[in-house]
Each structure stands twice: as C-alpha cells, then as structure tokens.
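Heads up, the next two complexes both have chain A, just with different partners, chain B and then chain C.
Up next, the complex of A and B:
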C-alpha cells in the first residue's frame, strides 16, 4: 500500500504544492460469475439489494484507486488532488470503474 | 509550484495487464468450464437416474391419475377392453407389474401413438387401421409400454427441464440453448432404441416371432412415404431413422434366437 493523500479538494489547506505531476488514472473492467448473475436475476423478481453487484463495484473502486495510486507513486507524488470517479458500461454485464486525479508533491 | 509533466512508462502502466501470455488464463477458464459442465452433467444424470427409485411407477400413476380422466374427457378417446387385455398379456413378458398401464384408443386419423405420464398409452386409429396384423399392433403397444417401463416421460421431461434451467443460469446465449436442444434429441433417440428393444422382447415372448416388429416398421415406412416426411438428418429428429430401427430390432431378435415366422393373427382393431 502507498501512503498517499487522496482528496477531492483542489488544494490542501495549510500545505503547499511543490510539484505538479499531471493526471494520473486507474481503471478496471469487471464482471461477476454466472452464479451471481443468476442470483441477481432472481432478485429482480423479488426485489432487494443486488449484494453481489454492490460487492463487485466496491472491489472495482478499490482496485481503480489502487492503480491510480501506483501510477502516482511511480511519478514520485505524495498526494493526488481533485480525485473523481467515473463509470461506463463496456459490454452487457461488464462495467468500467475509472478513477482519476492530479498527482502532486506537497511539502 | 513547479510544473512537471513526467512521461509515464507504458510498460509500467498499472491499468494494463502486462502478462503477455493469455494462454494460461484461457487454459484456466477452459478448465473451470469443463469442470462446471462435468458437475452439472453428473448432477442432472444422477437425479434422472434415481427418479424411478425415488418415485415409483405406482406413485407416478397416483400423481398423474388426472391424465387418464383428461384423456377420457375427449369424446374421440376411449378405453378399449381388448387392447387393455393385450397390454396386460404383454406386461407379463416385459416384467411390468400388473396394473401399470392404461391403454386408450383415439379415433383420430393421425398415424401415431404415444406414452405419457402416469402409465397412460394412447394409440391412434390412424395407425391401428394401417397395421396388417395383431402382432404389429402388439409391437407398437409394447414399444409405448417400454417407455412406461423405463419411465421415459418423467425422465425425459425432468432431464430437459434441468438442463434448460442450467443453460438459463449461464445466460441467454442461443447457441447454448441449441446445444441443449440437440442433446435432448439425442437422448430421445436413445430412449426410442431402448423402447424398441422392449418391444422385440415382448412380441417374441408373446408370439414366438419378431415379425410383428418388422411389420410395424414397414408400415411406418409407407406412412413416411405417404406423408412425404421431409428427410431430416437423424441428429435433428426425436426418433432414429426407421431403416436403422429395423436393423437394431433385427439384431436383438437374432441375439435372442427369435424366428421371423410371418405374423398370422388378424388385426382386430382395424376399422374399414
């Protein structure tokens, strides 16, 4: 794991940005297995939380964040500012989770 | 603030898989797929295999007693005491317990016969009228009773249902469902051969000659010509080709040293 400050803010109060390193991003495209899809299909009949898919997207966000941090680490950053998440549907039953932000060095 | 735009090393990009060999992944997934198919197959076949033991024919008959009532509700379908007597005689040669089968005759002109749930057999006048002798009537009756003995209506339906459910769980891919359909056809042909074998044993047991079975298939061949049945490839049919069924029946007849003495008894069910 990387010790790194991740924030939605454009500036961190009381810290000075020493170096701006540009955009860093992390992305992953995932799907669940057929068993989970089958359960979700049943849930569609009776209603309720699609726990399998909640879990899937949660894992995907973690992975996307992780990859973004790895890229920032490679660039020598110690913080990522203005972090955003975005998603897009790639194929039926598969979603991309995309995280991006600005890698910086704070003093 | 110092502005820097470092060029990221693409070979280090954490967002892209750097595992250049996809073969390992493919092999693993094919392995999982094969394992899943094997497990599903074992599960379904085990359930279908155990069905006759978990649900006895007598219990099936109790559950599906409404089928007989439903059939009789149709005015063109009647119980026939003579045919029932023949069925009871054949049952002895087939090791079927007494009171396992109910036989009905439909006045419909369709040359057909079928066995369904609860040990019910329906023979159509359209087929009975075409059969040349009692032996061939016994052959078609014994064939349908063979289905009852092997519990084919229940096993066939359960098997198709289970495979369809599993196919549905794996998505709505048409190819998968086509495969399941082809497999159910293959299974159906297997059941037909087994029912044919029962028919040969029963007819030989009753009349000391396998000629009735051969006469039945000859009649089926003329019916096929008459109705100009499109020559479907065997793998798309529920029944094997009649020529192959003749061959199969004759092989069994030879194995049990049956004669082919021509059938002599008149067909009592023929209505001109």
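Up next, the complex of A and C:
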C-alpha cells in the first residue's frame, strides 16, 4: 500500500503542483471461480443483487488502483489527480477494470 | 403420466416464471424501502456536481460505491415482447434506477465513515456484464454494473483558516 493523495478533481486547493509526471494507469482482468459463477447464474433467474460479482469488481478496482499507485510511486509522484475508472467485460464471466490519472508532485 | 414427462420442459419454465415474478416484485419493493430509508439518513452529505472545489475544501480522498444487479427471468421475457412492439421498458428503468441509487448510497456511506460532509465531481459508470453461461446473450440477460465515484472532503471552518 502506498500513501498517496488520489482525487478526481483537477487540482488541490491550497497546494501547488510542482511537477507533472504524466499519465499513470493500472488495469486488471479477473473472473470468479466456478462456484460463485454457478450461484450468480441461479440468482440471474430470480433477479436482485449479485453479491459475488459486486465483491469481485470491488477487489479488482482496489487492485487496479494499487497498480496505478505503484506506477506513480516509481515515477516519484505524491498525488494522482483526475482519476477515472472504466470497465469492460472481456469474455463471459471476466471483467477488465481500468483506472487512470495524472501523476503529479505537490509541494 | 406420459403427458407429464412430455410437457415437463414447459411446466418447469412456467413454475420458474411464476417464482421469478413473485420474488422479483417482493425484492424490488424491499429494495426501494431500504433505499428511501438510507437516503434520508445520508441526506447530510452533499453531492455537488462541479469540477472546481471551493477554496476551503480539505481532507479530500476518493470514494466509490458499486453494485451488480440483475433483472429476473420474468421481466426479461416481458422485455423481450416489449422490444418487439417498442415503447419504454419500465422493468429495466426501475432496475437501473435502483442500481444507480444504491451505488450513490454506498459511496455516501464510505464518505460518512471517513467523516466527510461533501462529495465533489461525482461520476457514473455503467457496464453490462455478459451472461456467464451463454456468451451469445451478452447484452440480453439484463445484468448491469453501476459504479459511482467522486472526491469526498470537508469544508474547513472560517475561524480555523484565520488562525
């Protein structure tokens, strides 16, 4: 885990941007194991929230954020501004989660 | 007993449809009740859709909330008919409405846990997830993921900034 300011605003009030380090990104493709998939298939008949999938996507988003932070950390940044998320389903039962933003150094 | 075996496929479908209809209706009603209750509880957290934060905005951090929600077998069948004749499919409208409000509530809950009072620049992100058992019905199965994310923070008090 890296301690880093992550925000989807374009600047931070009261703090000046010293250096721009460009785009950083993190992505992950993940799928759930067969048991959960089966349960989700059953749940799909009756409707409602598919908790297994919510969990899966939450974990993947954490992972994507972590990878983005690692990249920013390597570049020497202490904040990432204007972070965006994007999701796409790659194959049946697998989803790609993508996070990207601008790495900067704040004073 | 031969006819029972012959029509077992139809009977199973009918029973599933009936169960889906009743549980779906009950689920939706219960979900709306919980949404309305929690919305009232979290009313104090402001969600402001502006890109520029106010000058005294501090303690900022990213918050997000997401939900994967699926329609039931019955509404999918109904929607299939509706698709043929055209018009709005209210079953899917309520599905998406529930998903969006739930996602916003989860985001607000996360912000409340961190002691924030405001969320700025919130964005929605919607994806349809493919059916796990039949790749051919990618979009037809009515499973949708909604993510809401934004920057949570507090407004610094005037006397603190003067000191």
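A few points about this structure:
FYI, the second predicted complex is superposed on the first by the 107 of 107 C-alpha atoms of A that agree within 3 Å, B and C clash if a C-alpha of one lies under 4 Å from a C-alpha of the other, contacts with A are read in each partner's own complex, and residues count from 1 in each chain.
By our rule, contacts are C-beta pairs under 8 Å (C-beta built on N, C-alpha and C of every residue); 3 or more make two chains touch, one makes a residue touch a chain.
Note that the structure is predicted; figures quoted are calculated from it, not measured.
When both complexes are superposed on chain A, chain B and chain C end up sitting side by side without clashing.
Look at A:30: by the touch rule set out above, it reaches neither chain B nor chain C. Chain centres taken from Cα atoms put the angle at chain A, between chain B and chain C, at 70 degrees to the nearest 10. When the two structures are aligned on the shared chain, A:67 is found in touch with chain B, with no touch to chain C. Contacts of A:86 after superposition: chain C is touched, whereas chain B is not reached. Counting the residues of chain A touched by each of chain B and chain C gives the higher count for C. Between chain B and chain C, the smallest C-alpha to C-alpha distance in the superposed model amounts to 5 Å. In the superposition on chain A, the residues of chain A contacting both chain B and chain C are 37.
Chain C meets chain A in the complex at residues 16, 19-20, 23-24, 27-28, 31, 51-58, 60-62, 64, 66-73, 75, 102, 120-121, 123, 125, 127-135, 138, 141, 143, 145, 147, 149-151.
Contact residues of chain A toward chain C in the complex are 5-14, 37, 40-41, 43-50, 53-54, 57-58, 61, 83-89, 91-93, 95. Contact residues on chain B toward chain A in their complex (touch as defined above): 1-6, 8-9, 12-15, 169-171. On the side of chain A, the complex with chain B involves touching residues 16-22, 25-28, 34-35, 37-38, 66-67, 70-71, 74-76.
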